[in-house]
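Below: a set of structures, written as structure tokens.
Common to both upcoming complexes is chain A, partnered first by chain B, then by chain C.
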Partner chain A sequence: MALQLRKMLQKGMSIAVLVPLLSMTFLLTGCWDRTELNDLAIVTAVAIDKAEGSGITLTLQFANPSQMGGQQGSEGGGGSGKKPTITKQAEGETIFEAMSFIQQQLSRNIFWGHNQALIIGKEVAKEGVQPYVDFFAHHPDPRLRSYVYVSEGKAAEVLRLLPQLEPSSGDIARELAKLKTGMSVTIKELLQMLNSDAGSAALPKVLPIFEENEKGGLQITGTAVFKNEKMIGSIDEEVTRGVLWLRDEIHLAAVKLSPDNTEGFISFNLIRSHTKLVPKIENGIWEMQVNIVAEDDIVENQTNLQLTDPQIIQQLEELLGEKVEERIYMALNDVQQELKTDILGFADAFHRKYPAEWDAVEDDWEEKFLEVKVTINSKVYIKRLGMSVAPQGVPKEEVKRTE
Partner chain B sequence: MENGRISASQMALMMYPVVTGTGIIFIPSLTANAAGNDMWLSPVWAASAGWIAIFTALHLHRLNPNQTIIQYSERLLGKFLGKVVSLVLLFFYLVMNGGGVRIYSDFVTGSFFEETPTYIIVSSMMLLSAFAVRGGVEVIGRTAEMLTPIYILFLLLVFLLILPDLRPENALPMLENGFTPSLKGAYTPQSWFAEFFVIAFLIPYVKKEKTAARWGVISLIAVTLTFTATNLAVLFLLGEDVTAKLNYPLLDAIQYISIAEFLQHLESIVMAIWVAGAFVKFTVIQYAIVLGTAQVFELTDYKALVFPLSFLTVLFSFWGIVGEADSTYHSSTVFPLTSLIMQTLLPLGLLLISYFQKKTGLFPR
Partner chain C sequence: MKLRRRKYIEKQAKQHTLQESNVPSDNKSLSDQLTDNKEELKKLYANCSDVVFRSFFLNGKEDALLVYIDGLTQVEEIDDNVLAPLMKKTYAEQGSVRELLKKKVAVASVTEVETYTNCVSEISVGNPVVILEGSSTGFSLGLAKPETRAISEPSSESVVRGPREGFVESLHVNRALLRRKIRSPQLKMETIEIGTYTKTTVIISYVSGLADETLIKEVRNRVARVEIDGVLDSGVLEEFIEDYPYSPFPQVLTTERPDVAAGSLLEGRVVILVDGTPFVMIAPVSLYSFLQASEDYYMRFIMSTLIRWLRYAFLVISLLLPSFYVAVITFHQEMVPTALLISMAASREQLPFPALIEALIMEVTFEALREAGIRLPKQIGAAVSIVGALVIGESAVTAGIVSAPMVIVVALTGIASFTIPRYSQAIALRMLRFPMIILAGTLGILGIMLGIIAIVIHLSTLRSFGVPYLSPMAPMKSGEMKDTLARAPWWKLNARPHFTGAYNEHRQSASQKPNPGKGEE
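Showing the complex of A and B:
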């Protein structure tokens, strides 16, 4: 009897404990950091401009959720007249301060996780970017993979632009970076550049092109060159190509050639290339050997050359190599002799191969860089001829071959 | 007191997260600070503390079969001194586990749950591990057997997915200033490797004791490879300067993953798995503390101690630690030294006495 009572009591006890414990789960469903998607204002791009007084003007571009999804079919969501992105602006000494002012204008929490691009205004770039990059590596929300640009004019203009093909100008910026027509730099890479031996950085420059009202596109207009986190100059698109060859970052390159004894051009499309920097120090002379191996396809032929002729191809390969070298020498001249800034990765290459010699010149690299002798050895292969092997539309007897 | 038995492979799977659980957060940044671009070499040097720990734990067990360190230290040092040493060792583990849980919770709140109070993260983790400890060594062993392989799998996945973004030239020039920087960088991680000494609490319950050595070594090699791979990955991705300035470089690396713009934002999945690994870590250490305490006071059962000691661990995760700066400072200055004394020198001393006793037969068995 007593035993039974005890058992019952135990059972009662365990129920008495279990019921409140289980009912607690209802209270514990929402915790402090519960976030619903419709409580978030998703940042797609950030722009930093110089404020009129001191500090910066921060512009944030937010995705407009009601306009983002179903616009694949309709043109740019144009029908409803609503914008796919919204921009908000505030001033502050720090990014976080300005951001908190923007937060006051919003009914949703600012969420950085999907930020695609950071656009830095030219004026801020000239005064130094270092104070503003820390936030992106410090605050837990932004990711290091956002792409960084310097804008030609006001950075906010880039965000105000409503793109035609992509959902937001932040997305265009990301896609442009991935196409690699110009420099393509993520926040992580910018941090690495600022910490690098050369202490210099290069960021792509972007220009918004407004076509009708706020609609338009973005264009890469060259590269901004930084020395010690301050923008000191810029190079145009063509020079940028040369720099990309040297940095082994060239991805898209359209080259046209006009061979001797013919009229018109042949166009080539770069398929892949590899650049290797081989530093050499001999008798105190610092030399950089640039070895380039590239592969091009022929995509257009205005001349009367028969392309199945190996000798013609060989001549074209040589001409292409010269053309590439010419471009690079031109870029080199601009970067080495005029901007006097090592954005080519030479410092790291020397440091890696000659650590002891590097230590000696580390503090005077700026001068030493000017003395570095550069030789370029390029080899371009034309592997595929394209869909036509002889010029179309040229009478058979006029097609030229080697005898 | 403990009737459960584990297999040697379960022991190995329990030990892997013990070392990597919190180490993987701190070690990349700490080693980058000290060793620069030789940071990947530091875990290899640091592993020597692990080799010593496994060696001493195994030999001590061979000389004092079927006893944990608490039991044989009493026999070797005499009842009073033995109990004092045992209590100091248990106190060390209590502080270590409290600090570990705090590191874990600061990481979780600092990078994900910004507004969730620390005590919620700490106490929910300790409550869960208390339940596992109450289940005994067998339950912990099986939990580890289930969770650790997933943990390792996800780590491998992270390394695989980050591969396209790696730039191996970041590691050059190697050994620019000789071996000194990488050895300096090994000072902190050695304390994590020394945690392998926790097997001194587990070996008596391993079914086939002879395989314990092999599995211990396998676990140690796996941990060494993990730390080396982690350091290589963050070095190749971020370079030494950026790594040294980041708080959780591995998390930044995971966030950087983007495969075809589709496979990205993986950190929450990785985080969930990582929490599972951290859970195994805290549970194994907590088990050692609870079992050891029961043995010091010669109790018949350790179950009554589980909740009080877990609560004490929660308290130790707050006492003396105001913020993350304290944790980092403690992990890189105080902890390596106390760990060296408690987990490396003390066991070596006990081993010497044990050998001496066996040779001379001076002390009664």
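Showing the complex of A and C:
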């Protein structure tokens, strides 16, 4: 080939002739893996439910672009009655099998690249999620950053819901996870949890709330707790917040306080917090010190307290710390004593600091976890008093201050 | 085969030596018989109605001949300062003809011509030639009529701040404009005549001591070897003196602005002026020269720096945006944010064409519109652009033939290519956009990378008069970054850019940063 080329060049065939000739080889490739955008069925959410027989029911939610975005969408809007998302269902032993059945019903290629959420039905969760999450780690198309939820009822219901604010229920699931009012777990994080020392996982639970016909919203109703890839129980939202404090994942926290000798409440808004787990083994006693430093703003004051008074602020800071601790102890009680599952990251903390001791208890961590003594040291700082410092609408003589 | 090729070469060689058929090729001298001379010249200028032969009597008795071309010569001057004094009978003393002309003809420039070739070339320029009976020497009088338009603002390179004069079509005006900028006698102007028929004057101009000697020699050689029937614009000459004639990238900078030319001269570059065109050529240049406007040096330096960055960014956009868009929506849909992908999908829902075809249609249409806008008269040009914008921007989208995002991409690309100050460079990138789109549509981002690599390899092999095209970036000259990546303030630009060989290093004295006192305290 090269020799021929050289001969051709010697015969006076110039580069100007060769370049077009060679560039024709591009036409031979035929764009074999090219897919036009309007040949794609964009998956926005996936739901996995237990099938009646064996295997699973896979539900896929697809974006219907002509109803969802752009000019054309707003024209057709509500009038045409077309839905912004459509759902398709199929049964199969594996996710891929079910997906190929769905593909048979579709005129477009199923495209996983923009999957927002994976909703796992409660029944599937109870039997174990491991066989199904593997697909999302294995197949190159789905993204690992999709958020994972456990649904209260049938997972497919979540996908069937047509949201009021967001374009799809998959979008709501993503936005809820981003807000971090509850647990927020991506597929990648779920895989990491399942492979962690504790072998347990926690996933947010989601409940579709239908308001009119298929329209409605999603609500996070707490956290499903997994032990060895099987769901063994759940905790409610309040306890979840305690868990979030322990996991250092708390971002939004509205706390209210009613100090002694006053009427009404003072509301605090969490600005930032940092939780540090300090494991300790002394005389064979395993102890976990939880150090929390948090910063709060006062956003509401119903009482007659004068907030500019440093002593009052100090008292409030102490009360706030107690309140946080109280919440954490409540969560600890549920998780450690009742569910007996380490979703708090204690196992990893001990493993890191005491690798030798860890090796000894690794196999009986479930029992050892119950014995871990937890002490909480919290320090809360009130950073800002808000726009008005004096209690509003309270006569001057009734404003309370320390003398 | 071989034989045929040899014949072909021989034929080429024969044609190659261009000659005007009826001009005496040897340097035949003028005869001392006036009638012979007249006959010979009339033979040369047969059927040339614009050539005037005026016979008159010198001093009332001696035969003399005046030859000039009507329209190229200042006839009034001939009447007043040549014919009138020579024809008057008042003087009687005999002397040499040379003396006579010295005394009687009030013309600044008088040159002697001794051959027909010289004679013809002087007449062609517009200088009238006087030949006397009994003398084999003619006299060419510098009375050519400078036909020129007024100096106006160059339309291809307008500025907000900066000189508003531009070169014009006549060489001697252009030469004067340059001389006005650089008054030093070190500014040299070498003249070469090119074009067997057009006899176009080409001036190679440089500042001696700033421009490298080898560079000047190279330019001289390259220009001198050109053998052509006519040079009508500097563009003709440009193709003869380039380093890489097949490259899409221009290796010579053209400008209409005397300040750009003067600035380049002061940087040690060579400027080539061609008679009959306002576009002068500057060499050597690098890729970055094409991304700098003269105004960069007149505006405040912070602004200039930001604008340079903007140009670099839009250079990339003008080359890559359509291909990137095509690659992403046909191969890499997962790269786009979900919301954006869905709105793009919505706009493409009803489209008949694949993205690659759509992009090619739109880009070709855009190029056609641009071309139509340039060629048409100004009034119609505006109409074309309105129709184009309406038809393509509005109707095509509404009719569902192209998608709105594609229109945005094409429009943005168009704007991006207009931010490149030099038309010749912008058009090169515009051209390369098409292979890039095809690569993107067939191989995705992999194809774009292949294209970029090919372009970068080509750019790094390019040279302009021996200077690497990517300098001062490759080879890296860190000292010149301050006038490439940024535009440093003038009081920092102490070193002259360096192309080849030895050079005059300092362009100004250091530490001239203004540092006025804070006043008396």
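Details
Basically, the second predicted complex is superposed on the first by the 366 of 403 C-alpha atoms of A that agree within 3 Å, B and C clash if a C-alpha of one lies under 4 Å from a C-alpha of the other, contacts with A are read in each partner's own complex, and residues count from 1 in each chain.
Basically, a residue touches a chain if its C-beta (ideal position, glycine included) is under 8 Å from a C-beta of that chain, and two chains touch if they have at least 3 such contacts.
In this text, all values refer to a predicted model and were calculated from it rather than measured experimentally.
Once the two complexes are overlaid on the shared chain, A:A16 sits against chain C while remaining clear of chain B. In the superposed pair of complexes, A:Q116 makes contact with chain C only, with no contact to chain B.
Of the two partner chains placed by superposition, only chain C is touched by A:L40; chain B is not.
Comparing chain C and chain B on the residues of chain A they touch gives the larger count to C. By the touch criterion defined above, A:Q192 reaches chain B but does not reach chain C.
By the touch criterion defined above, A:R143 reaches both chain B and chain C. In the superposition on chain A, A:H351 contacts chain B only, with no contact to chain C.
Once chain A of one complex is fitted onto chain A of the other, the partner contacts of A:N377 are absent, as it touches neither chain B nor chain C.
Once the two complexes are laid over each other on the shared chain, residue contacts for A:A63 go to chain C alone; chain B is not touched.
Common to the chain B and chain C contact sets on chain A are residues 31, 33, 113, 143. Those residues of chain C that touch chain A in the complex are listed here as 5, 246, 329-331, 333-334, 338-339, 341-351, 354-356, 404, 435, 438-439, 441-444. By the touch criterion stated above, chain B contacts chain A in their complex at residues 110-117, 120, 169, 172-173, 176, 237-239, 241-242, 245-246, 252, 255-256, 258, 264-265. For chain A in complex with chain B, the touching residues are 31-33, 113, 137, 140, 143-145, 188, 191-192, 195-196, 348, 351-353, 355.
Note for the complex: chain A touches chain C at residues 12, 15-16, 23, 26-27, 29, 31, 33-38, 40, 42, 44, 63, 65-66, 68-73, 111, 113-114, 116, 141, 143, 167, 171.
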